[in-house]
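Naming follows writing order (A, B, C and D), and every chain is counted from residue 1.
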Amino acid sequence: MSVVRTPIILVNCKTYSEATGRRALELAEAAEAVSLETEVCIALAPQIPDIAPVAASTSIPVFAQHVDPVTPGSFTGHVLPEAVKEAGAVGTIVNHSERRLRLADVDAVVARAREVGLTTVVCANNAAVSAAAAALRPDMIAVEPPELIGTGIPVSKARPEVVSGTVDLVRRVNPDVVILCGAGITRGEDVAAALHLGTEGVLVASGVVKAKDPREVLLEFAQAITSA
Amino acid sequence: MSVVRTPIILVNCKTYSEATGRRALELAEAAEAVSLETEVCIALAPQIPDIAPVAASTSIPVFAQHVDPVTPGSFTGHVLPEAVKEAGAVGTIVNHSERRLRLADVDAVVARAREVGLTTVVCANNAAVSAAAAALRPDMIAVEPPELIGTGIPVSKARPEVVSGTVDLVRRVNPDVVILCGAGITRGEDVAAALHLGTEGVLVASGVVKAKDPREVLLEFAQAITSA
Amino acid sequence: MSVVRTPIILVNCKTYSEATGRRALELAEAAEAVSLETEVCIALAPQIPDIAPVAASTSIPVFAQHVDPVTPGSFTGHVLPEAVKEAGAVGTIVNHSERRLRLADVDAVVARAREVGLTTVVCANNAAVSAAAAALRPDMIAVEPPELIGTGIPVSKARPEVVSGTVDLVRRVNPDVVILCGAGITRGEDVAAALHLGTEGVLVASGVVKAKDPREVLLEFAQAITSA
Amino acid sequence: MSVVRTPIILVNCKTYSEATGRRALELAEAAEAVSLETEVCIALAPQIPDIAPVAASTSIPVFAQHVDPVTPGSFTGHVLPEAVKEAGAVGTIVNHSERRLRLADVDAVVARAREVGLTTVVCANNAAVSAAAAALRPDMIAVEPPELIGTGIPVSKARPEVVSGTVDLVRRVNPDVVILCGAGITRGEDVAAALHLGTEGVLVASGVVKAKDPREVLLEFAQAITSA
């Protein structure tokens, strides 16, 4: 179950209190239950200190929210790819709009993650940046217009041209990369719309984490995928 | 035992492979054994992903190597003070020379750590910067000339005027803050020299982590303290 | 006239179009006229590309808005203290809330500016950070609560305790540094209030630059100083 | 003459004292003389404070070494594209290895420069990053392996596969972008080799700026181009 498959629902816990520490474990449990029931891949990206306990307690794939482009050595306070891997992560988000990296560092992180065996999901804010990121050969791209993040206005319904434009531009540069979209996704129909536009999944955060019943929302998302 | 006391030996694991994952646990065990034997406070700052497992397995105080000046909310890939606290950390290194913060962020991190109940050790590269940091009222200051870090040339013996100058300058600004020093500390006599210059402990990394027998080195350090 | 004296009105052009290129020259002319008329020191901080033309055309002191902590050498796209000095600047703003520096870099910039002969005005967002900055021995400190910048709500009238608290805290650390305040200053009475609270001048931006008649505003400010 | 044409020799002054202030003007004069004599396009990227005086005194194209992804407004200490344009620049270097930008900021700077009418030369450290940069549709790409910068070991002769690999990868993503290379270029034969590998020019710094006779070196470079 900890294998990353598509279509995928990747849940970013950010530093939300609803998904910190013990509450990250609860969210992982809910995600695991829905994933087992629907056979849809649901992955969770808890905060770095929560990777080890979450990975130890669940069978779903666990992602880091960020790793640094460093090797073992004299780097204080950096997130070493090897360390999150040993803690149980199978992948990492890279260059989220709240944790943007320098261009050369996106390349270096993708290369380091590949060495260590972590799946990479590189975030991008528009179609051109998605194409640029795709040229670096990560496993996945997630396009997220920053102005829609956290708004509940779904990119896949409010800005479908961003998603389809990204798919077009990325495919010319890299036919193999998996494309996700995110920002404002709160309902099953938003997920279905994302798949119809040519993506293979969604990157979500507040729509799940801050929902009254995250399990119910994840179930709606997963059913939208199995019905698509 | 997880109470922070002075004099203190604070061991920074950096991203050294010798102190990542399972090997951080082994180092914590060695530190705990020496601390129990000598009654000297030895604290460990493992990498962020290792805080939870290390804190769960040891009675010595565990520090983060870095936290971000953020609150619970929309911050992807940031290190939330609350999260490292819940993972078991009792303190955090701030502004290490390998992870320098903006001046206003040092202030913000010290304030956030205080709110959450984390002990702060703010690093500084010289006496003037130590005095500046002391004005922000952290719990501890650690002066470390970057050019000596990792060299085995001990600041307390090779550059005693940096340490004593720091003590003088810091005391004028803040009579209460605990002062540590670091860089190049590899022997018990370096630790003794640090205490004689007016500090209450040392911040060490490679001198312990990359030693053939870290336990032996820690024992030598602790005995230098008990004999001082 | 290009000598920096106190009390001082330091006008930050930011990247406002009203003070870019040719329009920076017009603003310098207005400032010079008011300064000659009132004998109050008015300094201007145009954008880096505008320093040379502004300095060549005016007798008032010209400041950089920022310099980098670099020496002559392999630094592309950095602002070298020597270069702004040769272009005609007599000082520099350091660590503005829109261009914050790492703590060690504030120290390095103050040291480099001193070497080169540039007067430093280090910005700080609150009293504690002002005290920290004062420990680095710059020529001047400017306290500016970021939440008031550009609002027209004057720090000296709306938050007098921030200004007086800064004066108290800074004086304990450094009795010599000149203290300015800024944020929301738009009228002569705001300037007068700033002086009454113990500062020796103001750092202003939109209140002058975006005024219908910058010369009139500067005259009101200068007269508030001469009447104080 | 201030029109940017290919093949091009773009000289980066960095913060070298040999090309600061008055000495930047001398270098521009030398470049202009060689350009007039050989009809090869030679452009100069002086430091930001030197753009206005250099542009006023020469007919060769002047580039900024860096601009920030900002608009006119509340940005202190930032380099506004409009300001360097008004100061006389016709283009800008972007993302030099000594001034790396976040991926989304490379995109934003290229877009802002296009709006303002500045030619963009985006630097990249390897072939993959060059392809990523090319996806953002700048005018030019300059590939420079950082480990060769300033060494005198010419990328075009010591690492020809980096240059030809970059040309291949970039052409798949963007058939129109002009490709330059740089790092270690000190002789005419290095420039000739660069052109033979499919580039349309070179980005040089110390090889010209720190030469005993920059004019002689530029002449050798330009003759290598006219003989190619």
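The definition used in the following text is that contacts are C-beta pairs under 8 Å (C-beta built on N, C-alpha and C of every residue); 3 or more make two chains touch, one makes a residue touch a chain.
Keep in mind that this is a model prediction, so the values were computed, not measured.
Traced through touching neighbours, the fewest hops from chain A to chain C number 2. Shared contact partners of chain A and chain B, listed by label: none present.
Because chain C and chain D carry the same sequence, their contact can be compared by residue number, and over half of the numbers here are used by both.
Among the other chains, the CA centroid farthest from that of chain B is the one of D. Once the centre of each chain is set as its mean CA position, chain A and chain D turn out to be 37 Å apart. One simple way to say how far apart two chains are is to compare their mean CA positions; for chain C and chain D this gives 34 Å. With centres set at the average Cα position, the gap from chain B to chain D is 44 Å.
Counting partner chains per residue, chain C has residues 97 touching two or more of them.
Chain contacts in this assembly form a single closed ring in which each chain touches exactly two others. Of all residues in chain A, only 95, 97, 100-107, 124-126, 128-129, 131-137, 169, 172-173 touch chain D in the complex they form.
Against chain D, in their complex, chain C makes its touches with residues 12, 14-17, 20-22, 47-53, 64-66, 70-80, 82-84, 86-87, 89, 93, 96-99, 149-150, 205-206.
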